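Scroll down for the structure; my scribbles are underneath it.
Chain naming follows the written order as A, B, C and D, and within any one chain the residues start at number 1.
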Amino acid sequence: MPSATAPHSEASAVAGVIAMARYAGERHWVPATSGNFSVRIDDRFAAVTATGADKANLTEGEVIVAEIAGPKHARASAEAPLHLARYAADPSIGAIAHIHTLPATLLSRRHAGKGVLRLEGWELLKAFTGVTTHETVLDIPIVPNEQDTEHLAAHVEIRLKEAGPVPGYLIAGHGLYVWGATVKDAIRHMEAFDFILTAELSEENAK
Amino acid sequence: MPSATAPHSEASAVAGVIAMARYAGERHWVPATSGNFSVRIDDRFAAVTATGADKANLTEGEVIVAEIAGPKHARASAEAPLHLARYAADPSIGAIAHIHTLPATLLSRRHAGKGVLRLEGWELLKAFTGVTTHETVLDIPIVPNEQDTEHLAAHVEIRLKEAGPVPGYLIAGHGLYVWGATVKDAIRHMEAFDFILTAELSEENAK
Amino acid sequence: MPSATAPHSEASAVAGVIAMARYAGERHWVPATSGNFSVRIDDRFAAVTATGADKANLTEGEVIVAEIAGPKHARASAEAPLHLARYAADPSIGAIAHIHTLPATLLSRRHAGKGVLRLEGWELLKAFTGVTTHETVLDIPIVPNEQDTEHLAAHVEIRLKEAGPVPGYLIAGHGLYVWGATVKDAIRHMEAFDFILTAELSEENAK
Amino acid sequence: MPSATAPHSEASAVAGVIAMARYAGERHWVPATSGNFSVRIDDRFAAVTATGADKANLTEGEVIVAEIAGPKHARASAEAPLHLARYAADPSIGAIAHIHTLPATLLSRRHAGKGVLRLEGWELLKAFTGVTTHETVLDIPIVPNEQDTEHLAAHVEIRLKEAGPVPGYLIAGHGLYVWGATVKDAIRHMEAFDFILTAELSEENAK
């Protein structure tokens, strides 16, 4: 499926990965070298963070170019398949972020049994591309955590096909995957998820 | 009604908008490009943030000059009517901020049914212009959220006429509007609301 | 009563006031121009923040020299009597900070009826001068808030005489007064109170 | 027992101590001059923070070289024995941090009676060296607080021998000790503990 997003040079894709990583790092959303980030170059390639890097201080040498449908890159993060499967499935995606925010970790674990977290009535839902009113019901899929990321990626794609358009999903007790057409959209979606999930958690805990 | 605040040059009004926006951006009160800010120039005009800008990094080109009683400016934020209606109704207002703090969003949603949030007994109430003792009861109006901002602005003004003097109001599940005679006053009022609403939320949740 | 702390030049006392104010400002402990700070110069004089200043960006021109037992300085903060009465009563005090932290405001309001907040068993109690073990019971006085600060200062001194040695006291729904022999001690005591009161609040709320 | 970690020059060990201290200071994990840090030089010596230093602004002159099995250094922190006993007992340890995070203080006090804090099911457990899956059960020992640190260190080592491999332990109402083969590992472990303990505390409080 041809990509619907503008093709990037490798250099600009790498710069986009670094911009997302530093942004998340400053906010403490990638603790203890967790998290990973990617930007699509074209239909076949994406720039992805290498394994083990400190995302808050990411450098160009810690970003690799991975083949979307190709064999695993030697220095790819263990979670690279979760990025590449998204680019393969949805040509409208240009950038992906995986972050470990506290409310994402807590809510995904609390609602794992239901398989979904319902977001509803918050004005900031309008920050997600395509949402035009706060009177929106958004069901964010939650998948169980597992260490076989090839298998996990396949499971995620099945769940997302059922779910219809969403800006991200949760892995139980683990964190959040979020994307957008551009790096700017992906950053806005990270901020929106952070705000809404923090509000959800606070509201649930007060009940 | 002639404005009671000192007239600003366009340049100083724009600088005031940027000062408020950056101040709020540093504190994460305008997540995901939300929020907007304005400064009155005179009886007829105000400087207002344009639609879609990242408020934490706002530039001069992202501030427009809008006519208070005139037709909608092409690049005006969707929420510009909520600013302009305030300038039209109250000549003592010189600067307005719309922010999305977490406690404003949560408390406005929780108390939406009552239509009001009562603030009482906090020393910091004295930070609001005109309040001279902590033994003050301040009823902050809460209006339901809606996407037709012309209609919302008209509704807000009816509620504020009934309410008597207040330094701001809440939109349910959405955020806070706050104002002052000057940019400095509006910033002090933002800080006071942030502190008092955070305290209120914590006190309510502990009950 | 002769002061037991080293006498300061006016310049170094002013520098100490600014150091405490900026320190507290960076941590958002003086929201909306609240809070005030002082450093003793000698038996007769102290440097104190002037009224209305933004403490996070305090400048030398916003610090005045006040006579400890003299008439009110024209530009003194309304809360200056609460500083000066302490210097008059206790010659071992060299620096005083008044801050509005969230847990100080909440706990002082919650326990106002008891007139005291008991702190017990925290290792960080050892940060207070004179405390050598976590097995300490520290009863921090809480006084009701009032706007007549001369009267409030007199009431506070009566309560402190009864209480015996403590590093600070709370005003209900208002904030914290804290002191030390030096600016360094007062800053360490601010940090210790902030940590312990945050812990207390969290522990109480979980019960 | 010969050390299994690479020997450090004194200068690089001191630089490692300062790096850990500043890192923790920026995050407010060492309030009111609390906390201390060390890096092993070789089998016999370690660089350790001196008593009373402000860790957020630590300088080279505030780091001493202590003999692991030798007599107490004149300027050693009161808690130096808790560092040195660890280096003596476990040759794989190259760096140790003692920090006072809020959730470490609260959870250690809450679960002191059980003597252990169980961590289970969090993806971020994988940030600890040797942990390869979130399906791990990690029992972090909690020891009672006491001011005789020689005695406390002996007690800790008995508990750790029983516990088997763990990346740290808690002292009730006091804080966390955490270590790693290198400074980088110790910093990653601090971050992982901070995240997981914050999540644990929030999850427990919501029950």
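One rule holds for everything that comes next: a residue touches a chain if its C-beta (ideal position, glycine included) is under 8 Å from a C-beta of that chain, and two chains touch if they have at least 3 such contacts.
What you are looking at is a predicted structure, and each value in this text was computed from that prediction instead of being measured.
Between the contact lists of chain A and chain C, the overlap consists of B, D. Interface chain B/chain C: under half of the residue numbers present appear on both copies, so the contact uses mostly different residues. Averaging Cα coordinates per chain places chain B and chain D 47 Å apart.
If you average the CA atoms of chain C and of chain D, the two centres end up 33 Å from each other.
In chain D, the residues that touch at least two other chains are 205. Chain D contributes residues 31-34, 100, 102, 105-106, 109-110, 145, 147, 171, 173-175, 201, 204-205 to its touches with chain C in the complex. The part of chain A that touches chain B in the complex is made up of residues 121-124, 127, 132-134, 188-189, 191-192, 194-195, 198-199, 202-203, 205-206.
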